[in-house]
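One chain, subunit A, links the two complexes that follow: it is found with subunit B in the first and with subunit C in the second.
The block that comes next holds the complex of A and B.
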């Protein structure tokens, strides 16, 4: 039992790293673009399908790099043509429903182009080898997912901390009006931020597809844990979202050991408890977006 | 935009006494149109069950709109209470009773009580945060419905219950499509009346005041959280009633009724029709259900069309079709 528990906890942490990767993209867009991007899941699926189509030509690695950028380009087009129009509407319902509708359209397009059947995404042979076949049944791919999540997170925090655009994004998060008055083109900044968030979604989507395979609705199941991660971690804090992702992954892993049927529900229970005990989340700022 | 909103509100708020007679005439016309649906709908190529569906969605969206349009709380999780109502009715009819009204009552109570108990958790935060919490709470029920196979039928949904007849003298009304329609219409009328009374009572004024200036009410010593929770509970009861009727109409309850995409449907119905208008959700439901019914019969890509409805109504009709026409006639 002890080993099984440890194994499930470990698996949960790996899953949590993945949730964290998704939550980061969502939290980034929520922060500066003031948008709950419901289409995030559809962008994930789209990037995965791009990778699926590209893999025969550029290989898995090429796909892993190019496909998220393609998704980002589409994200840029959508942000500048549609989402941007809604920034000065105070009520969040409009961007919510807009991205919700966009998710419908994108899902339907994927189904029309690539078909409703699930497809496998080829991953390099050496990543598929089990590293250990005892209790810790672990393929190299899962470790690879954690590695990408780590690198991605480190890169994001590096950009936010040390580059000009990163500093502007952080400044914009705390006071958009002021940095606009200081001469920063906030429309450009918000577009850039949106694209970064979508690229993160794209990478997460491809990683998920390598493990679970492709299907047009794949994003649906993945976006909810990302929401919960943000709420648990605290809106407005990227570190919080990261922690939130790890915590719910771990909790869901441990629950799997005892009562598998509750492995999905448990994350919502954690969220409920968190809201009662500490409504602003682990590291959230008081009164943000309210 | 915000000034637009304010004038819009002033003109269409239910407490506006001017144009009372026009409103009465409007209500009578609406009543006559709705009462005679089974007579004229087949003539224009519709079928009665479609009208029942429109009214059920309109009922759920009107309930949601008490919270959304009049209290300013963006819940993305009302499908949960709708679905709980549906499962409540289905389970009652399958295992416990053959009484229509008992089943409907229990279903409404189950969904409504869930909203009453969970609302206070959600209202601890406002704005986008509130939406994310409501959606997550809703998804919890979705996953429970999927995983609790033995009770709910899991992914396949709950079936094996039939629509009972009215327990009236000599079963005067069988529950064919027409009987079902009038049951839905009666529920719709009662709920609409109830909402109207609430909105014109001090309680309703408090809701609107919270929507307009939440901070100011807090300064005045009003416990806004409590009021939003009350609004949440009422709208949850109405959503559950609609869900119960939906289960009767279909003889089936699917876990998709609990899913957040269903909540999205109710929201777009309210926004599309006009969320500052009392009857906005009814107009939205007519458009949404008819478009979906027609488009899904002619193309496989109906999801794209529905998505387009979302995009177009958000970009071009932020005040909904009723708001759009009101503004035109007003200016």
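The block that comes next holds the complex of A and C.
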């Protein structure tokens, strides 16, 4: 039992790293764009389908790089044409409704273009096997996903801390009006931030498709853990989102050792408890949505 | 100023485009029915969205294919057939809402559809309240033609019992006594597992363990850790739709299929198509397969179906839609009426003719429980196979050899007086 528990805990952390990767993009957009981007899952799915179409021409690696950028470009178009118009309405419900609708449109678009039939996304063969027979759940691909999550997170934090645009994004997070008064083009800044968030979603979507395969609904399944990670970790805190992802992954892994049927529910229970005990989450700012 | 004229230009282009589009729609050839011939309407509620969408689309394609064929050959009692499709999203509540709309607004004569068991049970009850014939295309739960059977409900796809009986003995003899189940957590999975357990007990096998997976589970790694720890001889997957695809992929990634025999009740062509080559394995039962040497009319059907749907091969789901649509036509013609009770009597004991059955045996809608006695196709997935030839059928077993008797299935049919 001890070993089994350890296996499950470790496996949960791997899953958690993946949740964290998805949550980061969402948290980024939630912060500066003040948008609860319900279409994040649809962007993930769309990037994965782009990768599926591109793979025969540019290979898995090419797809992994190009497809998120394409999704980012679409994100830019949507941000500038639609979401931007709603920034002045302080209530986040407007952007939530907008992106909720977008999610449906994008999902149906995928179904129309690529069909309802699920499709496999082929991943390089050398990643597609377990590294050892004892630790069979450690496949090359899952380690690769964890690696991408780590590198992606580190890169994001590097950008936010050390680059001009990153510093502005953080400043905008804490006081948008002031940095606007200081002459920063906040429209441009918000667009850039949105695109970064979508590119993150794209990478996460392709990585998910490599493991789960493609289907038009895949975004639905991916978006919820990402939301929960943010709520648990704390709205407005990127470190919190990271932590939130790892915690729910771990909790879900450990629960499976005892009662597998509850492994999906447990993350919502954690969210519920968190909302009651500490509504701003582990590391969230107070009163962001008040 | 230049801007404005550009805008007008764009608008007129849009208008022209819209006009062309509408003209295109109007230009679709109308069937050559006299205006007085009111169509006979079948309302079809099937998932166009949700995890059941791929299968729903196949059923709809099959039904539309039949609709076209029937209308080309003169319709039903020289009236045109009209199929009206609504998206039930694999959800019982939504399915009922859509069925209500079909009844109220479209004034449908018959109801059919649904891929999943929960929606099928819901629609069966709905149809019962509305005194309407409901032909279930693809929900497998035993109860529908068993303990919950209704005088106005028929079913084309098999029961879960038939699915499990189709391959149990082969699996048991070939791979061993100790079984582990990963089962989808709703009516379909519960019924399948109960049926397998019954057979396992009867043959002196053991349960190494079982786990219920909620619908929409994406990550099965933790379930698989448990499976490896229990070391069963057979890992029995009783999952539906995309869930099964996800689980099979992860099993392959972990290399478990090389150590433990993976098997299950039902495999669908749609699922095999969604799997990468290295994750195509296992022993399963199909309910129909496009490749059956020596079955009359099958080659013509496959050819015509492919011509209509861009080279796509028909799946078992396509056949459900096709056969169900024909079954309604044949029952109406037998009854010479659209009255529900008469059509029900027309469908009881109806044997599908070879050009509709498309299998070596002659399946009949059993009068006592309204279950179609379709054949089962146990077999295994071909290693390294390419679409569309992904499954090797080891035998085609007539449905009446596998199905429980109506009494054993618990169906006590009562009719309104």
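The rule is simple: the second predicted complex is superposed on the first by the 288 of 290 C-alpha atoms of A that agree within 3 Å, B and C clash if a C-alpha of one lies under 4 Å from a C-alpha of the other, contacts with A are read in each partner's own complex, and residues count from 1 in each chain.
By definition in this document, a contact is a pair of C-beta atoms (placed from the backbone, for glycine too) under 8 Å apart; a residue touches a chain by one contact, two chains touch by 3 or more.
None of these values were measured; they are calculated from a predicted model.
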Which superposed partner A:231 touches (first subunit B, second subunit C, both, neither): first
Subunit B versus subunit C as contact partner of A:253, first or second or both or neither: second
Return first, second, both or neither, reflecting whether A:153 touches subunit B, subunit C, both chains, or no partner chain. neither
Would you check which partner chain A:4 touches, where first means subunit B only, second means subunit C only, and both and neither mean what they say? second
Contact-wise, after the overlay, does A:261 reach subunit B, subunit C, both or neither (first, second, both, neither)? both
With the two structures laid over each other on chain A, which partner does A:275 touch: subunit B (first), subunit C (second), both, or neither? first
Which of the two partners, first being subunit B and second being subunit C, lies in contact with A:15: first, second, both, or neither? second
Contacts for A:92 in the overlay, against subunit B (first) and subunit C (second): which applies, first, second, both or neither? first
Based on the superposed arrangement, let me know which partner A:100 touches: subunit B (first), subunit C (second), both, or neither? first
Which positions of subunit A sit in both the subunit B and the subunit C interface? 107-108, 111, 261, 264-265
Quick one: in the complex, what on subunit A touches subunit B? 30, 34, 36, 38, 82, 85-86, 88-94, 96-98, 100-109, 111-112, 224, 227-228, 230-231, 235, 261-262, 264-265, 268-269, 271-272, 275-276, 279-280, 288-290
For a test of understanding, state which residues of subunit C touch subunit A in their complex under the given definition. 48-51, 53-54, 56-57, 185, 211-214, 216-219, 221-226, 228-229, 242, 245-246, 249-250, 252-256, 270-271, 273-276, 278-279
Quick check on the complex: what are the subunit A residues that touch subunit C? 4, 7-8, 11-12, 14-15, 107-108, 111, 115-122, 125, 128-130, 133, 136-137, 139, 141-142, 208, 211-217, 220-222, 252-253, 256-257, 260-261, 263-265
Partner subunit A, residues of subunit B touching it in the complex: 1-2, 68, 74, 76, 121-122, 124-129, 131-133, 135-137, 139-140, 143-144, 147-148, 260-261, 264, 267-268, 271, 300-301, 303-304, 306-311, 313-315, 318
